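All chains are identified by letter, namely A, B, C and D, in their written order; residue positions are counted from 1 within each chain.
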Amino acid sequence: MQPISKARLEQFSDGVFAIAITLLALEIKVPHLESSYITNSIKELYPLVPNIATFILSFLGIAIFWVNHHQLTRNITTVSRRIVWGNMLFLLFVTLIPFATSVVAENAGNALAVLTYSLILFGSSSTFSILRYFVEKHQGANKVKMLRSLVGPILYTLAVISALFSIETSYALLIIPPLFYFLPRN
Amino acid sequence: MQPISKARLEQFSDGVFAIAITLLALEIKVPHLESSYITNSIKELYPLVPNIATFILSFLGIAIFWVNHHQLTRNITTVSRRIVWGNMLFLLFVTLIPFATSVVAENAGNALAVLTYSLILFGSSSTFSILRYFVEKHQGANKVKMLRSLVGPILYTLAVISALFSIETSYALLIIPPLFYFLPRN
Amino acid sequence: MQPISKARLEQFSDGVFAIAITLLALEIKVPHLESSYITNSIKELYPLVPNIATFILSFLGIAIFWVNHHQLTRNITTVSRRIVWGNMLFLLFVTLIPFATSVVAENAGNALAVLTYSLILFGSSSTFSILRYFVEKHQGANKVKMLRSLVGPILYTLAVISALFSIETSYALLIIPPLFYFLPRN
Amino acid sequence: MQPISKARLEQFSDGVFAIAITLLALEIKVPHLESSYITNSIKELYPLVPNIATFILSFLGIAIFWVNHHQLTRNITTVSRRIVWGNMLFLLFVTLIPFATSVVAENAGNALAVLTYSLILFGSSSTFSILRYFVEKHQGANKVKMLRSLVGPILYTLAVISALFSIETSYALLIIPPLFYFLPRN
């Protein structure tokens, strides 16, 4: 296999990121507002609250993946076959995030829906760590970074398991990775 | 955090802009035309008029944001963390514009629908001003430009408030920012 | 207004072209096949025939616009405000092509549907001619090319008018511009 | 016709690839989960299994086409009219892959659905071979590569024919091309 150009790998990945993040908003169901009194209409919007919360969570998730992906590919000098297919596996899970968002929005409060959502974020997060491993190994490994990149997969695994017992705990665990990302670092 | 490449920030943002602007047309409901007489069919198209008006308003809105965004990023030399996340927050509202367009199209003449639409345009407009502030500050501030960029947020705030009393006033206010943009400048 | 970079104008336009052309296939309704006998199933596909014909026509249309757009922007050295907004107006009609395709597919044999489709292609074609005029004028006009670029708008105008009398004539006129494009030239 | 720039041909094609691959996940129907017991909910997910299997097959298919397309365009020095339109014909079938995926997902176990899916993959695969032929001929032909690129079209032809007699055989044949691609090569 001839080497893949890094520019086109980034271009294709950016396309997938941009589409996935834009489709998220389509999964918020457009409400049919019956009442002409604004105070009554507002009540008709209540069922949208979990949709909007999940939309924001998924948007943040994809945005963080994009920033991390960008920082990762910066370090790439040559694109190996492993990197191409590690990237594809990661993008497979990224394209599933709008679907996962929709499953939760459609079935708010259902344990299996939260489990599916957590599982797809676990998939994105762990395949990104694998991709990072391939890239770092290709360039000369950096063990500290690999350790950091286990935080996501571990938290999402806990979210998958918690969904079986308590949806609230699972939701709480899903909120930690973005918060952790935005923590100031020394 | 390593610096983000400006080219990829633009590439990702252009992807989001292009998808959001193309999805707008999908929100115009495809009519099922019953009559085989063209004069009767035309009557069946009447309910599409508000959809088409909102489509054009949203298209113009996203197009103006794209032109302004492009002019803003031209001035960027290095991309700070603040700029990346200011841009993401802005794009979050841009991805909501097709949803907002659909809410108005689905609920023509409903006050809360117009309020939601105005609110999302207010969000896009004000987060763009915040992004502009981050960029200008990063390069050496230009106070005149910051003043200009308050026109959008203020008009959209007035549109949000008007929606509570008069939908027509709210619509009229929504049309001003694009008109203002196309005014000749000295 | 600061000059717009040509690269980003092309990048944004290519995004819109790529999304519009890919969404076309989504407008072909997925059939629900009832019969388990393949000969009966085939009959269930008959209603898809006009959808597929319109899909191919629209795909060819957008593809030809993309090739022409590409050749036009090659000649651009600086992007004027007129070119930016001429391009936006053209893209507005391009984003409506999937909608127009869907209107025809949903209402096969309806005169108003064919009229709408012809009207949107007329819009795309004539705004592209306007964009070409802005570009040529900006670079030093080439009258021969302007004449050539009236073929599309004229044929689509005839298709709009014919739709009022005979759908078949209208369809026939819609097929001529792509054929004309592929004619060998000396 | 003036020569087309290779960068923009790749940019447009990457857009189409990225959108088609991201839309695949939208074709997995979002289930409405009735039961609050997780063991019962899991049963409600059973109908999704063929959808997910087809999603993975289509994702792999588009991913492999993207890698091959990338390697092909690397060799291009000048873009001829033939290459532009060979590429467009290939992209036409790529945009149909999400539709084909949806047809199979909607009609699991239906012979005509599997036949349609196989036919569209045959179209993608054979038009890609034609594109490869145009490119190789333009650069100086390489017969070995042309032979290799017949594997896909032949297997998909067999899948089309098998669909008439045995859906299982057809499915099995559809899985071979991706497996063949990932086989180690000397």
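The definition used in the following text is that contacts are C-beta pairs under 8 Å (C-beta built on N, C-alpha and C of every residue); 3 or more make two chains touch, one makes a residue touch a chain.
Predicted, not measured: the structure shown is a model, and the values here were computed from it.
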For copies chain C and chain D, the superposing rotation on Cα atoms, rounded to the nearest 5 degrees, equals 90
Is it true that over half of the residue numbers where chain B touches chain C are used by both copies, so same, or is it different?
-> different
Where the CA atoms of chain A average out and where those of chain B average out, how many Å apart are those spots?
-> 25
Could you tell me the distance, in whole angstrom, between the mean C-alpha positions of chain A and chain C?
-> 36
If you look at chain B, which of its residues touch at least two other chains?
-> 11, 14-15, 18-19, 23
Parts of chain D lying in touch with chain A, wherever the complex brings them together | 10-11, 14-15, 17-19, 21-26, 28, 30-33, 36, 38, 41-42, 44-45, 56, 59, 63, 66-67, 70-71, 74
Interface residues, chain D side, partner chain C - complex = 1-2, 4-5, 8, 11-12, 14-16, 18-20, 23, 84-85, 88, 91-92, 95-96, 98-99, 102-103, 106-107, 110-113, 115, 164
